[in-house]
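Shared between the two complexes below is chain A, which pairs with chain B and chain C, respectively.
Let's turn to the complex of A and B:
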């Protein structure tokens, strides 16, 4: 595959867009449907990243890639899902403020563990040695292929979120998010529904973390930054928390705008890419969240369109 | 015959503060109205019966099965439908979805249950795809009641179903409650401030005053003096 036309940094920019889109879709299921205000997205993503990295680098597997990748990615997904289950259980009786602080606390614990458990994680120095689970001889081909694979995973996450809106489980999640006490009187366990959702979405966040590890080929403590959470939340709030397309539109207007359009297609001075632009990016994301919550809390795409969906599914019945 | 609802020495409240004090009553195959002024403990009683508020002491049984402090979802599975006074619908869901989430338990086909709900509330048929949060107060109560009926309940707990409704809806709603009891054979526990209307459809009545329940009596035996005493007017 001749990829000379493609800038390597552009591949990374697109990877970031796809990755944050996946996280935004998962946050949509948590916040948009079930009203779980997860401010610790980077924690679940980071658990996956580090579980994958440690499993890949510290265990002497009797087989190589791609099986080694598949097993380690499965471990990352399971560990992140388990973390989602535990955190979900711990926050199940908390209000929105408590949930926000609890999930933020979880993300902080993950960062502390990744920093202090040097024997396992490499601590502040990090660990190198991760690689792609295939060999096409050219680095750019590896990265481009990985971008496509990650995009396919995110497409599956999108399809899952799309499907959830149309299932009894999705309706139960919306009911639990809107009025948990009333939902409990429906004969289904609201706590079980919420925990199941937390487990599935956290596991998928962990899988995206593992895929990030492959792309950057190392464990770096700096990657466990609040900017991951901020980017996913800013995109979703901008697009609309209640709509599946909210994360997609939001990411295109935030991460894609900064990490692709401005970075590659605007004539900005050299040096801005590494210093001024990342700072401006965080500031704009933060401002976008504040302004949207004040002036259009439902986001650009607005409220859920359940009546339209029901009309499509059931016609005039 | 085992009563549909047996409440013995039930005390309940918020935290350690009791709002309801050792209430006793049984409900058979009938409409049982709990009357009382604001703050009498009517909502606390129904929330506790629905399993959404833990009992501080005493016991609750449905059809002889002790459900004291059982989770609300378990009570629902035993055939208890609950319609709260406020926030009785899921606003983001359409009317159809509000009804179908009520039918998540039970084995009868949804279509069959929906048809029965439409027989009781025919107006809902034309509003299936509306967002429940955009409905009027009366329409919301119909949806909430319909959702509870989708659970195929044997006991229906209605918390002030006519609160805030216009006189037109008020009369209609009491008629519907009586119809539900008559046609579906559901035992109904109904809390109301509107004594006149409630006495018109109830078989028996208990007056609740500051969390203390009177001796249950036949609806036609209730006197103005008793109501005055209960309502503290």
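Let's turn to the complex of A and C:
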């Protein structure tokens, strides 16, 4: 495969777009449908990243890749899903503020653990030695292939979210988010519904974390900063929390714009890329969230359109 | 009467509830369900809604027990049961305050009420239409009955939301149905339909308890009336007797309305 036309940075930019899109889609299920405001996205993603890294580097597996990757990625998913279950349970009786503090607190705990458990994680120095679960001899081919695989995983996440809207599970999540007391009176366990949703979405966040670990080939404490959460939330809020395409549109207008278009196709002075741009990016994302919440809280794509969807599903009623 | 013991009953014993130190419900003993339809009367603030919410365990009891007994089945201590398990036991309540699920359509609401938990899991394979097929007949019946001509829309008016609340309750096929002012704000035609539905349900074995300010509904529908004031059950008797009771007339019905 001749990939000379492809800049390595462009691959990373695209990877980020795909990754944040995946997280945004999962936040859509949490916030847009079930009204669980998760401000600790990076925590679930980071638990996956670190569980994957530690499992990969610290356990002597009797088999090599791709099996080692698959097993470690499964561990990452399970650990993140368990974290989702525990955090979901802890916040299950709390209001919105409690949820905010609880999820944010969880993300902080993940950072603290990753920093202090030096024997496992390498602490602030991090750990190298992760790699791609295949060998095609050229790094660029490896990265590009990984981008495609990650894109396929995110496509699956999209398909899942898309389907959730069309199943009784999605209806239950919307009902629990909209009116928990009424849902309970209809015999629905709101807590169980929320916990199941948190398990699935957190697990998928953990899987994305593991895939990130492969791409960057190392564990770095800096990757656990708030920008992951911020990017996913900003994108989703911009696009529209209640719409499946909200995350997709939002990511294209935020991460894709910054990490691909501005970074590669605008004449920006040297050095800005690494210094001014990340700061500006964060400021713009933060401002985007605030402005959207003030002027168009439902996002660019607008409200949930349940009647239109129901007409498509049950038009013959 | 032979059928008397065969109805599902709710036994309320020593149940009390205070809000910020003020006793709102204080019931020594009350059996609901020894007749098909019971009316629960009392002035505003008497504690009728609170009593129903205590039975549903949607608010915690300060003390006492609520027990459900159904013919041929073991008794269940409702006061130790989660609200979300009430519907499964057949204990269902409509809400006095207009309430609905934001965004969900009328058909959504109906489907939600009938969908079994196993279809609601994250990776449940069955599509929406599978669930619909299982329950289409009853949903169609009740939606048509109350005149919902576009179930694929969201209920907009207060009346529609009120009716939808009742439809959800009916779809749960209750053994005990608690109705908290079900006809408030409804048209005459809809009120008649609610009454007819209650009669039909009761004739098939459901025990219905109804709070209603429209007294005609009570006199029309109820086999027995409970009179509550200041959190206490003061009387329980035939409608005609309650109607003629001086206390009730004085404190609630007002002179001339009896």
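Throughout what follows, the second predicted complex is superposed on the first by the 316 of 317 C-alpha atoms of A that agree within 3 Å, B and C clash if a C-alpha of one lies under 4 Å from a C-alpha of the other, contacts with A are read in each partner's own complex, and residues count from 1 in each chain.
Everything below uses one rule, namely that a residue touches a chain if its C-beta (ideal position, glycine included) is under 8 Å from a C-beta of that chain, and two chains touch if they have at least 3 such contacts.
Since the model is a prediction, treat every value here as computed from it, not as a measurement.
Student: For the three-chain model obtained by superposing on chain A, do chain B and chain C clash or fit?
Tutor: clash
Student: Looking at the overlay, what does A:296 touch: chain B (first), chain C (second), both, or neither?
Tutor: Neither partner.
Student: Check the residue A:167 against both partner chains and state whether it touches chain B (first), chain C (second), both, or neither.
Tutor: second
Student: Given the touch rule stated above, what does A:193 touch, chain B (first), chain C (second), both, or neither?
Tutor: The answer is second: A:193 touches chain C but not chain B.
Student: Would you check which partner chain A:314 touches, where first means chain B only, second means chain C only, and both and neither mean what they say?
Tutor: both
Student: Tell me the contact category for A:181 with respect to chain B and chain C: first, second, both or neither.
Tutor: So A:181 meets both chain B and chain C here.
Student: Look at A:58 in the shared chain and tell me whether it touches chain B only, chain C only, both, or neither; answer first, second, both or neither.
Tutor: neither
Student: List the residues of chain A that touch chain B in one complex and chain C in the other.
Tutor: Shared contact residues on chain A (touching chain B in one complex, chain C in the other): 168, 171-172, 174-175, 178-179, 181-190, 242, 303-304, 306-307, 310-311, 314, 317.
Student: Please output the residues of chain C touching chain A within their complex, sorted ascending.
Tutor: Counting only chain C, the residues touching chain A are 56, 58, 82-88, 92-93, 95, 99-105, 107-108, 111-113, 115, 117, 119-124, 126-129, 131-132, 151-154, 168, 172.
Student: Write out the stretch or stretches of chain A touching chain B in their complex.
Tutor: Residues of chain A touching chain B: 168, 171-172, 174-175, 178-179, 181-190, 242, 303-304, 306-311, 314, 317.
Student: For the complex, give me every residue of chain B touching chain A.
Tutor: Checking each residue of chain B against chain A gives 50-52, 71-73, 75-77, 80-82, 84, 87-88, 90-94, 96-97, 100-102, 104-105, 128-131, 147, 151.
Student: Can you list the chain A residues touching chain C in their complex?
Tutor: Within the complex, chain A contacts chain C at residues 164, 166-169, 171-172, 174-175, 178-179, 181-190, 193, 196-197, 199-200, 242, 303-304, 306-307, 310-311, 313-315, 317.
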